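Read through the structure below, which is laid out as structure tokens, and then see the notes.
In order of appearance the chains are A, B and C, and numbering begins at 1 in each one.
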Amino acid sequence: MSRIADRKVADPGLANGVASLTPEKIEKVVNQVLKGETGAKLKVYQETCMRCGLCSQGCHFYMSHDFDPSYSPVNKATETMYELMNKKGKVTPDQIYLMAQMAFTECNLCKRCAHYCPIGIDTGYIMSMVRRICYMLDVVPQYIRDTSHSHASTMNQMWVKDDEWIDSLQWQEDEARDEFPDLRIPLDKEGADVYYSVIAPEPKFRTQLIYQAAAIMHAAGVDYTMPSEPGWDNSDMCMFVGDYENMGRLKRAHFESAQKLRVKRIVMGECGHAFRSVYDMGNRWLGYKNSPVPIVHAIEFYWELIQQGKIKITHKYEKPVTIQDPCNVMRGRGLMDKLREVVHFLCEEVVEMIPNREHNYCCCAGGGVINCGPPFKNTRMEGNRIKAEQLKATGVHDVVIPCHNCHGGLEDIIGYYDLGMHGKFIGDIIYELMEKPEL
Amino acid sequence: MHRKNIVKLAASMLTILALVAFYMVPVAMSQDDMTQVPADAFGTLERPRVAFAHDAHNEKAGIEECVVCHHGKTEDGKMDKENSSEGDPCSSCHAVKPTDGATPLMRAYHRQCITCHEAKGAGPVACGQCHAK
Amino acid sequence: MTEFYVFVSGPLAWIAWGFFIIGSIYRLVSMYALAKAKDGSSLAYMSLPYSLRSILNWLIPFNTMGWKSDPLMTVATFLFHIGFLLVAVFLGAHAVLWDTAFGISIPSLPGGFGDAVSFVVIAACAVFAYRRLALPHVKGVTRPKDWFSLILVALPFVTGVLAYHQVGPVLLMTTLHVLAGELLLALIPFTRLSHALFALLTRSYMGSEFGAVRHAKDW
């Protein structure tokens, strides 16, 4: 069994945070969170977990590290949260460093282990609460900390300025009008059927996704709008940092921006964690049982358009593809059948990964892990050999990946393991195949 | 061994068995030589039979009156500790599966023995002590 | 010795049951109060149909990812839990206790079968012990309290089998057996064995989240 102490990764965010800690401060903050923010759920989990180890095979880290027990979910909970609870917060700053590294970078909060625990223990929740404690102690990996600072300052993830946002949309509208002369990206259109929302990395460096979405909306004749004001970014790294106060601010801004425009519903791009933040975590922090505005994920939206015959393609994608099932929309929202119907509608041949659907292996990028940046890239690469093997076994070259985090994670793995594959969003494929006006 | 000897041996064993069986008849009728709690009413037994030497037990326990164990039945079907019922087997009132609301035979046996032994702090009380192998 | 047995099987049994029943009610009620105070965002999603769906699916051996991942553990844990309940309630000798003490007749296991089930339960405990000793991913997270609860459940079965087969002094063995059973009963609410009280609730919660919110299987 390896030990987390032997694989300590240097990170300025963790190091600087730990440098200002004292045992007294740790004890105070740990107990403040345990008493103030956790309750029966955590207590019962710690008590009823029988330490049977069945969760181990649920974790891609455990599977990828040749069954190293250090990576099993129960061990991660034992070395972090259970230790904090047993010691009532009496741990050293150096222990906090290691706990933070484990919680932020060696667990993707994908909840795959939930399918393995007979008692129903939610290790993802336990690790989230470890992150919450680390955040309250200001011990957070630097890169994701910066991302959450961006959220707090600009209400978007990528330090995108208000005018840059509008500019990016108008730029894409301009570009697209070469191909679709009467295409519009309507801003702030009150009462539209659809409020289209994206994550900030789209205007920042995946602008073509906005272009493609606009093309699809245009071709399908959807009455949609995009907001010009902050609130347009549906992403939420604060949720993964443990900064729940700002998570709440972001979700409130997002929901209210849609409410102000009196739209019928929000349609979101192909992103997983943003979906988690609206149906699972952000909404609950704000006291909503369900999101106050109906929210539809791109997979489901495309599925609807296909059902209604609004997406017309010239031909099917000829090369065989495989499908990556993102945790937040599969295990999180049960969209596996709709995803398959969409992909089968678009592609000639689908080769499934095994296991798949809600039993899919995580991409190892989600849960904020990829956002912890370059210091932890190897953690992700070595921690997901199982996914590389799974991808390789399909023998195909194209992977349909309806999630930004999965995209980043899988592209990295494909490069690291030299798999010669390429990831595609559903939007990429629809755009490639759709009927376009002849100019 | 010769064939003749085998026949001789078998014959003598049969004789012994027959004699034992013959002598057992009066034993079953009298309590003087009672050695076991009667359990035939139960059919197939789950546990070993319970040894019970009637006279030796009563001598050791200092029981003079029959009614201490052989209680009777009142008119409304309750336990009568005044009038004894010696001579009647327990199973004549306590059926194995009673339909008249009486205490079932096994429960009657267990209560009869264990309650007294516990009260006196003497005699077997645990399962395997009576149902010894 | 007889007097001690009488004490153990009489007043002490009431005390053990008292600990078990009052302790269990206390733990469940106080935990529910804590959940209401602190876990409103989880309680709100509890759903009976999805709870039952989850419990039922986990009651089927090899039906879930967890059960499929470790066949030895799956067989051992199913046999253990079924055997434990069967023996605890329906063993012939236990049925006789109900019958003698309270005049309640319940169906009971045939002697030989009850005996065999007891041995199976002991074998399952041996599997649990083997896993804690030999499998790195179990050994690494095993603490003294895990061993304590395993010994706690194994003891009544070991002493029970010895008493039934009359190995060693019968009265002593029977007394030890009753004591071990009472210790187990009294400590269920206060040890790892409290999963007997809470596991259905954690299972139900996970089932409700996956069914009602996540629209996915939790098995």
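Going forward, a contact is a pair of C-beta atoms (placed from the backbone, for glycine too) under 8 Å apart; a residue touches a chain by one contact, two chains touch by 3 or more.
What you are looking at is a predicted structure, and each value in this text was computed from that prediction instead of being measured.
S.K.: So how do the chains connect up here, line, ring, star, complete, or something else (other)?
M.R.: line
S.K.: Which two chains meet at the most C-beta pairs?
M.R.: A-C
S.K.: Centroid from C-alpha atoms only, then distance subunit B to subunit C, rounded to Å. What do you get?
M.R.: 39
S.K.: When the C-alpha atoms of subunit A and subunit B are each averaged to a single point, how far apart are the two points in Å?
M.R.: Averaging C-alpha atoms per chain gives centres 78 Å apart.
S.K.: Would you mind writing out the residues of subunit A in touch with subunit C in their complex?
M.R.: Residues 1, 37-41, 43-45, 47-48, 50-58, 62, 67, 69-70, 72, 74-75, 78, 114-122, 279-280, 284-285, 289, 330-336, 355, 358-359.
S.K.: Which residues, counting only subunit C, touch subunit A once they are in their complex?
M.R.: Answer in residue numbers: 31-32, 34-35, 37-39, 41-42, 44-45, 54, 58, 64-67, 69-70, 73, 77, 131, 135-143, 146, 192, 194-195, 198-199, 201-207, 209-210, 213-219.
S.K.: What residues of subunit C sit close enough to touch subunit B in their complex?
M.R.: It is residues 2-3, 5-6, 9-10, 92-93, 96, 99-100, 103, 105, 110-111, 163-166, 170-171, 173-175 of subunit C that touch subunit B.
S.K.: Along subunit B, where are the residues that touch subunit C in the complex?
M.R.: My answer: residues 46-47, 103-104, 106-107, 110-111, 114, 117-118, 121-129, 132-133.
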